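Two complexes follow with chain A in common, the first pairing it with chain B and the second with chain C.
== the complex of A and B ==
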């Protein structure tokens, strides 16, 4: 297979997986047109000011091959979150591997799990509506590219009032092949019905090798629905991961998200959350660590489009070596969104010279009866605290690790569910041990 | 009922901008348009040396290659740079030597603005270098300052008298090619102030310039350069009002401050230019580049601004903290009402070790106005032990206005510490109720609360300005509540 540019690979993917539905085919073409017209974003694009993706133009890609390899899971398990009791679905290069997944995950009452292609075959119109009207292809070229390649992925639908008792764990595995970078572009659709609740866990993992994963998730929460969404990005050190999340939250619904990023050369998370009905709530918390050669970017847009909505975002990052962290968060309060409560906080800890963090929290407010705030702080480990620990006989490394752990644990505390919290803390500890 | 009546009355009064008059003085105008000949004309009028003309022409040629910035959150019709006069001078045969020689019409203008020049001499030791459109008309207290070694004069005069100083520092903080408007200013600047405070001297009085834009269709391009030598201190005041007119006017000033070792510069601005009428017609476009270089060790620069006027404001007074232990401070109150737009903030570039910066920004939006705080804090890799604290608070009055906060914080040194806080809210019902209950009318109550909200900034202003600024805060918001 010859290596090609992003566009050519995507075009080839389109050709290889023709869609029978005219509307979706048109949407794909729209995506391709938008990406071709826009090209790769450069640093003159405000949203990409601190993250350089132009080198992707120099990379040779190949479409991610399907693999029947059962071994892939073994390495992935070490990287993924360990949540006992969760029902696991394994996706290798964006394709569901039923042979590696928990059969029970596919047969729960009130919860339908389908591959994207099955869902399209069953009801293309439903998939089309799930892809979201808010989808601004011109806004994010990578969402456009993903849309152009639409075929791999998963559709999860939770019927109204269903309270899923067991968490669903999506284990995304990127399996690179030698020679060229694999391009994986899966799409995830999640629809939580009225009054229903689900806990969704995602672990992005991968084997060593050159790759670009461009994953887009569309999440819809109907009135009073609830989604607890925990994601871990712990790919290999060569992996590039671009994720985009588009969530639409209706009246009284709660989206409770937490993202932990530890692995990957380039990790960019684009979060777009729309609060569409009174009483809707979004939490977008997270933590990240970046060492030498790593670049972690979280760019979020929270749109308060209805009154009486709440949003909260706390993000903490640790930068080591030449690691670089970026946080761009925008909270938009529309004219109608009176009584909005919106808070945002980013804190970064710089452990070494060469590390860098760039922060841009942004408030755009068009309503007057609101309470909005944001905060940002950067600094190094507290000398006094270090001294205190050293005076008690801890060696320098242990003392530092303890303080870093304390810094990150603080934000993990925001996860209400204890097993999930433990799983996240375990990953942070694993990362701390690997660095010392 | 009474409150509503008084509001209606105030609104009516506000429709006529208090300072909206024109002084009828014959003015000498350069022809409309901008080209190399106009620049040569300006330079010749100013009797400038060859090097400055070359400098202007170089800037002009560079300007031709630049495009207008569009990133700010402000909207206005495209400016036709060829449709303005770039030079206007009050026609006077001989340069005035004292106040007695100044055109009495001009003096009356200032009197209406509440800056009686004659009284200035007697008042509080304030020396005024009054700029009327483009030519300095009178400089008071010049002699006394001269005796002490302080140079405080029009920049055109400084070019002639102190060419070495001007040549050394002009454009050293804001290079001609810095941005579109600064570049335009470099090509066509007509006047402004020059201040040099010699080593070890604490300038005993506040230096002050009042700007006026008077002639129709003249963009005003001021250029101010303040140099504070080792261990010196100066406090500089800048205040503005402008006559009412329908055509939008462009103002693109450049202010450069240089602080050497242990020097301190305090630069305060009260900007009250014509903001346009309630429908957004007319008003000044205020596109200003202000920057300070803290070159020396332990140098300090403090910017304070109270921005209530202008239809469109685009202004980011900045500090380059180069010297070790240097300090940059920025205190700002910006009030926008009706259809005003303001995109303002600061930049703090930390280069030297143990540099410190503090940013306190208070934004008040009312009516249909839109306001953005845009700030940058950059910690360079060498800035060990740098500290920054930023606080941006926005107050929204009415449900049709907008308040936005766009801070950029870039840290490349682990030993640096930065903190940023921002809030947005409206006037608390409880505070308002408390004031009303004690018999204040709604407007006085809002004025009081807003003044409290801005207190942290207002109290950094020199006394004379603080009083004026407090009144201005209340006046600017009249008609926005009730």
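== the complex of A and C ==
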């Protein structure tokens, strides 16, 4: 299916931001060619089996303006994670706003933070090599489209052995224009050097209005590097958010990810993780809630390409009204990947008859000495627990809320750092308060 | 007036008659023990008093201070002063014990027209009671009953009772899973709560608990009803002779 408006806006973005580097210009064109050739994915696409994006073809998009008064930030702050002490970088419609960001975030020793265009101007080849190729352009139309638009976004590089003591917090704000649907396509590059460590927090927020944010992250962890990556997707009611993450994890490195999705009409996370050296570890945990008018999809592919690697993914979702949840998880264990430890679990709590969840965990194993498991469970609120709480005097609504909160908080326990856990549970609590 | 009065209570589950005419009157300040073989309906009776659904009451009534409980929601019964220490306390992942205790205390305060408990006051209160009952501080941080041993669960139940100050408390096999030291601690906790206007129904298999919580009245429960009533000496008789006399008669 073609989506003319997406192509037109992306072409215009290319024209407005010409790149001097030939290789990157060629890559952009490859992206555009791939997207125009394949169009929007349909349900025959395995990775898009349960998520319909064809309505995007009907929307007339415009390029997102670089707007953002202080007011935009104020609304976003209410939606974002609140992590005291984190250094904040504000990106409005994909563009870094230094005037709204913490200056110290840009000047930390051993940590370089640049806009994507500055990084390209400084060293295009370095940017080119940081762009992952795990999500092949031909198979991933939205990654192709993002690649075609390559210019907005951020590059974060942590030098070898640097232990970042303060978390970086990226506050992504999508600010639609009244009466129009905006298209925002930022790219995030994160490179953690050998033995270095960083905590990266991302909060995707948005102002009311029609929008499509198509964000791609390319993450590279060198040997023994560590990235704690906490994401919150808490967009406005009409917002559509497509995120793709490709992570390359080398020997002994640890990618510790947790994503919480609470707001947005359509939120799709495409995760592609490659465990490339012995002892590499990936955790892709998360929680989500989807009510009427919300569709939340997590589709992941974890590739064990080396022996002695560990991957763990526990995802919990609460579905209410006519909310819809999707989990497609595949763990691939290559022949060389002996002693793999791979676990995957999706648990859904259905609060209404109209809610629905589709899960498809998949294991493909080519090695013979591995410990792998996967599972999916879907249930309703535990009647015994409800009675227990009510027998202690809690009214039925309070009891239900407490159980829902507990269901989600339970998976937040997997986040090791207490302030980060507190920030996440505070958002879950805020979400529950707002729905009652 | 009796604090609790159960009149000719008949109840069934999924078409199966479980309670077959329970009559029980408990005066304020009294401790009654209910002893009997397994599977005869003691927990069913407890659950029905606390308001669990899924049971069909075919006959009879349950009165608290002369008011029928049958049409009341479980939470309203709890707020009216009914407390059930569960035979099998429920595990609630993700909900910290302290959060749960605070919610329960606040529900009670709200019903009484008071504001929410102050955070410091709450901590002080809970820590003091927890210490008395041998409930470790780290248990308060853990999710409700998750990973608790059998004995820890029962202590946590008694802690809840101590915090919620019920008028009528049912202890459904609170002694099971407790070693002798824990049994003493729990019994001390219960005894500390004995007062002229609070009553207890202590359900147990064993006389052991009743040496620490000395009952005023002992009932033998079999076949879905009370088949014999006596004083504390009846518990000793049952300990010596077992329930063989009753299991046959009950059928």
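Here is the rule we use: the second predicted complex is superposed on the first by the 429 of 436 C-alpha atoms of A that agree within 3 Å, B and C clash if a C-alpha of one lies under 4 Å from a C-alpha of the other, contacts with A are read in each partner's own complex, and residues count from 1 in each chain.
The working rule: a residue touches a chain if its C-beta (ideal position, glycine included) is under 8 Å from a C-beta of that chain, and two chains touch if they have at least 3 such contacts.
From a predicted model like this one, the values you see are computed outputs, not experimental measurements.
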item: When chain B and chain C are modelled together on chain A, clash or fit; value: fit
item: Chain B versus chain C as contact partner of A:410, first or second or both or neither; value: second
item: Touched partner set for A:348, first chain B, second chain C, both or neither; value: first
item: Partner chain(s) touched by A:102 [first = chain B, second = chain C, both, neither]; value: neither
item: Touching partner for A:356 - first (chain B), second (chain C), both, neither; value: first
item: Contacts of A:338 with chain B and chain C, given as first, second, both or neither; value: first
item: First (chain B), second (chain C), both or neither touched by A:374; value: first
item: Partner touching more residues of chain A, whether chain B or chain C; value: B
item: Partner chain(s) touched by A:389 [first = chain B, second = chain C, both, neither]; value: second
item: Chain B and chain C, minimum CA distance [Å, superposed model]; value: 15
item: Chain C residues touching chain A - in the complex, by the definition given at the top; value: 50-53, 73-75, 77-79, 83-84, 86, 89-95, 99-100, 103-104, 107-108, 111, 143, 160, 164
item: Chain A contact footprint on chain B (complex, rising order); value: 71, 381, 394, 396-426
item: Residues on chain A engaged by chain C in the complex (per definition of touch); value: 382, 384-385, 387-396, 398-399, 402-403, 405-411, 413
item: Of chain A, residues touching chain B in the complex; value: 46, 335, 338, 348, 350-380
